[in-house]
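For reference, the structures are reproduced in the following blocks.
Both complexes below contain chain A, partnered by chain B and then by chain C.
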Partner chain A sequence: MSDIDAAKSLTGLLNGIAQKAYHNHGEVTEDLLRTELYPVLSPEDFHALHDKMRGLLKSIAMADMDPGQLEAFLTAQMKRQGSGGMSEGQASALSRFWRSQRARVRESLLAQSRWEPGLRGLAWRVDLQTSSGRGPEAAPGGPVALLELELGRPSQDSEYVRLECDEATVNQVLKKMADIQRSIDTVVHRS
Partner chain B sequence: MSSHQTKESSFLGGRIPPEVESMSRYLKDASLTLDQDTFRKILKALVSSIEGRDCREVMRHIAESSVIPEEKLSHIVAGMYRVLTEAIRIPTSSLKQEAFKEDLRELRIPEDFITDFASVVFGSRRAALEAVTSERDPHLPTLDELRWRVDVTISTSSLARALQPSVLMQIKLSDGSLQQFEVPVSKFQELRYNVALILKEMNDLEKKSVLQIQD
Partner chain C sequence: MLTFRSAGKSNLSAGDLVSKLEEGCTKWPKASLQVVHKLWTEQGPLVHSQQEVQALLSIGQLVDMQWKLGMAVSSDTCRSLNSPFVSVLLKIVEPSGQISQKSFEMTIPQFQNFHKQFKEMAAVLETV
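Moving on to the complex of A and B:
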């Protein structure tokens, strides 16, 4: 295989590994990758290559390596003898891949550790009550906010929670949110 | 002004409800002799019922101890109930006590009974009655409580250094349900922005003159 082809195949392999491990695409099987990218390799040889790349990617992702760390890491890999070693072509393919995919992989890993349902979306409207069937409104024509929260766990359907709030409640919620923001600010360094 | 109907229609509407018509007929009927004491007992039971309490026992007792035939009594009770519920529906800013009394006088309800009606509709119990009836309006659950905390994920099984803050929220609604969910920091900014926008909308709405419409 020419250098360019080798690089392309390896990039494809890394993408496939990432799809399966980080982006929930279970249908990307080892067999599929082999037939698509390395049809010439035997299943055993491919398996070795696949596992090696997967292991390397896992280490890089786990440490969320920045460019400096990655370079040091790859240099060390290239120095290794025998089958544990790595060619320069492979190292540069890995480096290119990580440069473009780092943020996405990190995001996926963080999402994988979220077990509570997350807030996916919010829809709302403000209504004006003019009359009601049974009783008079507390404040004639008081505005009422209707909210719909979209909640869901990863790869599960959303659940919608609907509620209504009067102005006083919305005000209270906003105050709490200011408190939350202050709390976040003390945790996150703002430059 | 001619002697004909030039004032606005009664608080009971353009057409007097049939149960109110029959009630006023029976109340005027001297032969029936509905004494004020019994009337007040019925009124008290009806208020109790509107507030959500079971008053069947009380009503049965009133019926048994009254000389008025049960059928006529039931018309009276139905009419009284209608008068009360219709009056409570209308805010006191729109229906004043005098107008209410006038409307009842038009139906030739005895003055004593009118005074009793008015004391319920415009008395101290009014706020409680309004609160109960407005609870029965169709509406979505309201927010009872909102609790929160800010977490920072230090690391996970697949990420050695996560250092990711996120907000965990728990809301308790008036229908008893409890919802707990995580809000990533970016989503939180969006949430806060929207809530501020909602408040602004509500404030703007209050300033608009559409709210000043009176009947």
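Moving on to the complex of A and C:
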């Protein structure tokens, strides 16, 4: 395999590993990667290469390495003897890959760390109630906001939550949101 | 006591409804049961679908919102997440009177958009 081809295949492999590990593309299997990118390698040899690259990428992503840290890391890897070592070609392919994909991988890692449902969408309208069917304790009509919140966990279907909210409650919520924004400003200012 | 309302909600067939009535009380005259059977065969499905529509139209009322501002520091796949998030707990009164809760998280930009939408909502409510 020429140097250029080797670099291309390795870049393809790193992309495939990232797709599966970080970007939720479970259909990118080891077998698929081997037949597409390294058809000449035996399954065992490919498996070793795949695992090594996956481990390296995991370390780089876990530490969210900046260019300086990455260079030091790759240099150390190249100095290692035997099968643990790395060629210059491999190091430069990894370096190029991380430079272009770092932000995207980090985004995915952040998204993966959110286990509570997230807010995927919000729709709302304001109705004027002419009367309320909720009994004598209810307000005698007036404007009311109708909200539809789209909530969902990563790679799960959305749940739609429909709510109504009168003017007083909207104002109460707005006050709390102003408190949240003040908190955010304090934290951001501090960090 | 078995009522038509609960039979509608459980989507019972006419046969099931009659069996349940018989279980509840042995004094039902046969003729009466036949009337109930005929009536439910004709009207049962309509009652059930009306109840379903009613459930859709009755939505909960937001009564309170609790919040916290958190910072995701570190995880097993990323040593330094450094990611602030807003966590919200909505308190909702259902049409039945029961109180339910819904919680969810937002990134800072998502929260700011959420805040903006609420401000727009308040502005519209004021003008209506």
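Convention: the second predicted complex is superposed on the first by the 175 of 191 C-alpha atoms of A that agree within 3 Å, B and C clash if a C-alpha of one lies under 4 Å from a C-alpha of the other, contacts with A are read in each partner's own complex, and residues count from 1 in each chain.
The working rule: a residue touches a chain if its C-beta (ideal position, glycine included) is under 8 Å from a C-beta of that chain, and two chains touch if they have at least 3 such contacts.
Note that the coordinates shown come from a computational prediction; the quantities given were computed from them, not determined experimentally.
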{"item": "When chain B and chain C are modelled together on chain A, clash or fit", "value": "clash"}
{"item": "Which of chain B and chain C A:P39 touches, first, second, both or neither", "value": "neither"}
{"item": "Which of chain B and chain C A:L146 touches, first, second, both or neither", "value": "both"}
{"item": "Which of chain B and chain C A:V187 touches, first, second, both or neither", "value": "both"}
{"item": "Which of chain B and chain C A:G68 touches, first, second, both or neither", "value": "neither"}
{"item": "First, second, both or neither for A:W124, with chain B first and chain C second", "value": "both"}
{"item": "Which superposed partner A:V161 touches (first chain B, second chain C, both, neither)", "value": "both"}
{"item": "Which superposed partner A:T169 touches (first chain B, second chain C, both, neither)", "value": "both"}
{"item": "Touching partner for A:G84 - first (chain B), second (chain C), both, neither", "value": "neither"}
{"item": "Set of chain A residues, in rising order, touched by both chain B and chain C", "value": "58, 61-64, 106, 109-110, 112-114, 116-119, 122, 124, 126, 128, 134, 143, 145-147, 149, 151, 161-167, 169-174, 176-177, 180-181, 183-184, 187-188"}
{"item": "Touch list for chain B against partner chain A, complex", "value": "88-91, 93, 130, 132-143, 146, 148, 150, 152-153, 156-162, 164-169, 171, 173, 177, 179-185, 187-188, 190-192, 194-196, 198-199, 201-203, 205-206, 210-211, 213"}
{"item": "Chain A-facing residues of chain C, complex", "value": "59-65, 67, 69, 71-72, 75, 77-81, 83-87, 90, 92, 95, 102-106, 108, 110-115, 117-119, 121-122, 124-126, 128"}
{"item": "Residues of chain A defined as touching chain C within the complex", "value": "58, 61-64, 106, 109-110, 112-114, 116-119, 122, 124, 126, 128, 134, 143, 145-147, 149, 151, 161-167, 169-174, 176-177, 179-181, 183-184, 187-188"}
{"item": "Sites on chain A touched by chain B in the complex", "value": "58, 61-64, 106, 109-110, 112-114, 116-119, 122, 124, 126, 128, 132-138, 140-141, 143, 145-147, 149, 151, 161-167, 169-174, 176-177, 180-181, 183-184, 187-188"}
